[in-house]
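Chain lettering (A, B, C and D) follows the sequence in which the chains are written, and residue indices restart at 1 in each chain.
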Amino acid sequence: MKPKYAVILSNVGSCSDRFVADGYGPPYTIEELFARVAQIPQVTGVELVGTWHVTESNVAELKGLLEHYELQLVSIIPDHFGQMKWKHGSFAAKDPAMRNAAVAHTKEMIDAAVELGGNLISLWPGQDGYDYLFQADYIQERDWFAEGVKEVSRYRSDVRISLEYKIKEPRTHSYLSTAANALLIAQETGSDNVGVTIDFGHALNAYETPADSVALLKKYGNKLFHVHMNDNYRHWDDDMIVGSVHTIETLEFFYWLKRTQYDGWLSIDQYPYREDGLEAVREGVNAMEAFVKLADSIPEEQIERMFRHGNSPEITAYLRKLLVSSI
Amino acid sequence: MKPKYAVILSNVGSCSDRFVADGYGPPYTIEELFARVAQIPQVTGVELVGTWHVTESNVAELKGLLEHYELQLVSIIPDHFGQMKWKHGSFAAKDPAMRNAAVAHTKEMIDAAVELGGNLISLWPGQDGYDYLFQADYIQERDWFAEGVKEVSRYRSDVRISLEYKIKEPRTHSYLSTAANALLIAQETGSDNVGVTIDFGHALNAYETPADSVALLKKYGNKLFHVHMNDNYRHWDDDMIVGSVHTIETLEFFYWLKRTQYDGWLSIDQYPYREDGLEAVREGVNAMEAFVKLADSIPEEQIERMFRHGNSPEITAYLRKLLVSSI
Amino acid sequence: MKPKYAVILSNVGSCSDRFVADGYGPPYTIEELFARVAQIPQVTGVELVGTWHVTESNVAELKGLLEHYELQLVSIIPDHFGQMKWKHGSFAAKDPAMRNAAVAHTKEMIDAAVELGGNLISLWPGQDGYDYLFQADYIQERDWFAEGVKEVSRYRSDVRISLEYKIKEPRTHSYLSTAANALLIAQETGSDNVGVTIDFGHALNAYETPADSVALLKKYGNKLFHVHMNDNYRHWDDDMIVGSVHTIETLEFFYWLKRTQYDGWLSIDQYPYREDGLEAVREGVNAMEAFVKLADSIPEEQIERMFRHGNSPEITAYLRKLLVSSI
Amino acid sequence: MKPKYAVILSNVGSCSDRFVADGYGPPYTIEELFARVAQIPQVTGVELVGTWHVTESNVAELKGLLEHYELQLVSIIPDHFGQMKWKHGSFAAKDPAMRNAAVAHTKEMIDAAVELGGNLISLWPGQDGYDYLFQADYIQERDWFAEGVKEVSRYRSDVRISLEYKIKEPRTHSYLSTAANALLIAQETGSDNVGVTIDFGHALNAYETPADSVALLKKYGNKLFHVHMNDNYRHWDDDMIVGSVHTIETLEFFYWLKRTQYDGWLSIDQYPYREDGLEAVREGVNAMEAFVKLADSIPEEQIERMFRHGNSPEITAYLRKLLVSSI
């Protein structure tokens, strides 16, 4: 596997939560964030977020920063989640004006991405869903959602639209909830340039085995377009440093990326509430690199043996020797 | 809504768990189970389980019992989960002999169902999945799974094959895990007679809103073929009495069955570990009847208003008045 | 039961999350928040949060507002969670200066509470815990935590200190995690004026049955000092409107408050991300009132019968008739 | 740390679940189980289960087997969960005859343990709890529970009674649910010989960090009496092979056993549904041994540094180098 490492720009900065709205750390300018990313040697690409980083007026400036820091634009994540106006949804909002706004903003971000040398939009419509029972006409709103995605996918066929699923948060229930659900929506659009982003932690939250999610997307049309990496304790999107909780799931995930010839980016998506963002990303990237190497080192015949027999004491013994001991 | 009530035959009997393998109550003969079902006036149909109830040699006897007790055969649930031999899977087993056995048994049960006047197979391949990481070639095994389902679906086009998804148990991870996943598999078979069973509790376990699962299956091809009812505390398939935990989810579920013109059976699937099975089913059916009536009583304009505005204080007030008070 | 209804002042305003740090709605001044609370007829008390509402300089102003709007001060919740400075903890922080600051701020809030006619401090040290494995000397930090609580409890014996437990968030793991854990800490202080706050949703998050938590606190020293009401989907502290998800758990909870002669406040603790805060609180209070009445209406002999037999079909039938139908 | 390895006798055999009541593998006689345990070189002790292994009439035979196979009796786990008669509880049963039976059986098992050279009873009253809301007088039943434990603890002060907590299963809710809850009950008995068993998987199920549970029991009276090892995916007691899922939690757990000078047994408690029980236990023991060594190898100054700073990028880097790479 020839990995390409990236990071969402804001990850090297500070972040807030509902109790500390002002942020757990100092704010950084966009230029400072770029300068921080540039300190991590393995990182060659960066993801930008609409509104937070990309506005109508700063594309030229961003172009300069990308060039100056020798970073590629990996994707733009349009802002369908970060402003009060999206609180009732974006593509699936009840208000047609908001649905139109969601589409329009995405098209702008597609243009910006192309302008910045990119060809990927990572779509995370986190506000599309519902909180309360009896709050939504699920069919109608799912239809709207797919129509919006279809429309933006038809805007430019040379830009890929990658759907990042998440089972909940900020809504108690999301429409774009699981890998299988994302595949249904991608199929519904009928557009070849629509695929799926696996966020490692989101997969865990949906009780998916992340490696199995890679396989599922391979099986149903080679639809894994992008990867976001982090870790958590399964019940919530804690957005912790890669590999800090799930050693074996992380290893199996990177193995399956290799097995399925994934050739996209490996991008950090962490929330460093109490950490220095730069140090957290640096260690996240080091972890990705270490797991990639370890996954690469497993002989294929060993894999085939484990898959053929499925004998768990043997599998556990192999992994123990690999990770913990040579006993 | 014109509901038709049914029950899985074993539900009126006793059951066991891993600690009390001998069962929490006395065993019943098949005839006794029929006689018990017949004591519940609203129930007009029954589901039978392969091996447990249906064998190669007792179809004629079962036919007699169905006629004698004036019960319709709702479905047969082939046995892909209840014997030691399935421990490594059925349709997705690594051993081709087991995969063949899974298909062969299903065909036998299809024949038996037709013989008994039925036209539905409720397929729950609970042993198809994996327990440990690195234990399975997910793509290969998912392929085998879909091939097996496809093959049995082609056996008789006048018998519907309904896939009952469940996110885990008895395996720690199932292949047929969620409503969306079941839809992908149904599509993959290319057979119109393949659809999906929603088990209310399984939907909760996958963090689905059961009413939303009804909507999803409607949207993607009108694929809700069958319903199993019970309740639980979300984290595990506790198989409790209908409505004993989730009042509002249950109400919303029955509303959406009506809204989507579901015309199949409403079938009890409870595990009465410490209850008398007959009394537990009787109350489960009473609950279904009560929720159906209550769902029917909600004026459509009220629903439309809630869906259009999505205003949660208003929705909560309406439901409170409906369920708790007239304050 | 003679209920006294209250609300945390910020609940009638707007709130933010990690994606919309600027807030999902318009900001309100403290006076506006008071004016909004005053529009809910049943509410006679208010809880104030340190820093957010209570500062060194505004106690006199707050006194005027309480008088003007004829509201009692129910409690002050000191700020141990809402500023960047608490990011590594308060009572259990590794830095002794922060531990001292946590104690000092609590004492100030005790003084302010007395000045405002109150006698209850609701302590929610949400930042005390850990995120990563190997990050903490659990014994040392738990010792510090208990010492701090002990110190503030000795400051004024006529003010009650009520510990609000929560299993996680904002840390991935809290020290003050469950009802039983809170009891151990309360015992450790050796102070009679230390008790426990049940937040209904926090109890659900810890897989407690909220009514059982009431019983546990009664059994071990009559230690239920305060109640926060809301609802959620069990897995996370969604802080939804009272009764919007869990009908039966909510009913059972109010029944046990009555059974154990709880005579404290019933206080709303909701987060109205996408709702109008005033309307959400109004409906939350209406729900509390309705559930209190319904709980009061259950004949004691019915309760005793259910507890004595524990027969679930009978219990389910009774609750169905109470809530859904008279079938 | 000088570890002593043990196993629950039935672990090297076969097991069943609610779908395959006849068992997933062949049955073994008690003597065969002993012979299988004896094949694992590191194992020097064995735990026996009441009814399953220990009856009124076979104590002499068991004594012979222990001697012949040179195994120590680690504990007896009385049967309060494995027969139909316990279905409504044991120490907390509504029926006083059952409560008396629970106490009487425990005393018999205490006598048997002493006769067999043991001094530990591992009490797992798994049927004590409730399934449905409004099913129990929680205070009354919790009182009965503590009274029963107190009575058996007074029977012989030279035998330790260790309470194994578990948040659910087989009941949907257990009384002996968490480490903190177990401590409250132990305190309530007023008996020094009552302590707590941590089952690693049960701790995960209650969203405890297992190492933190060790610390909690140390802090509140040095009450960790016994350890059961296995692993799972957090949501359910999957009883998998040690270390097969949670690498870092397992390492931290063994580190804290060492830090708190735990000198009891490390005993396997796995359910080998689809594995050969002997091979699964052998690998579980190998894993324990490997983790003990790795935990021993971490320099104390490294630990102190991590605890003092709590700096997660640094901690993650250290653990990555230890487990995954030397990058």
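For this structure, a couple of remarks:
Following the convention adopted for this analysis, a residue touches a chain if its C-beta (ideal position, glycine included) is under 8 Å from a C-beta of that chain, and two chains touch if they have at least 3 such contacts.
Chains and their UniProt names: A, B, C, D = Xylose isomerase.
Here the structure is a predicted model, which is why all the values come from computation and not from measurement.
If you compare A-B with B-D, the chain pair joined by more contacting C-beta pairs is A-B. Annotation: the A-C interface is duplicated by B-D among the options C-D, B-D or B-C, judged by over half of the residue-numbered contact pairs being identical.
For this pair, chain B (Xylose isomerase) with chain D (Xylose isomerase), the centres built from the Cα atoms lie 35 Å apart. Mean C-alpha position of chain A (Xylose isomerase) lies 40 Å from that of chain D (Xylose isomerase).
In chain C (Xylose isomerase), 88, 131-133, 168, 207, 233, 235, 240-241, 244-245, 248, 274, 312, 315-316, 319 are the positions where the chain touches two or more neighbouring chains simultaneously. Of all residues in chain B (Xylose isomerase), those touching chain C (Xylose isomerase) in their complex are 207, 233-235, 240-241, 243-245, 247-248, 251, 274-276, 279-280, 282-283, 286-287, 289-291, 293-294, 311-317, 319-320, 323-325, 327.
Residues of chain C (Xylose isomerase) that touch chain D (Xylose isomerase) in their complex: 88, 94, 130-140, 142-143, 167-168, 173, 177-178, 180-181, 183-184, 187, 206-207, 209, 211-212, 215-216, 218-220, 248-249, 252, 255-256, 303, 306-310, 312, 315-316, 318-319.
Against chain D (Xylose isomerase), in their complex, chain B (Xylose isomerase) makes its touches with residues 15-25, 81-84, 86-88, 126, 131-133, 168-170, 172, 232-233, 235-236, 238, 240-241, 244-245, 271, 273-274.
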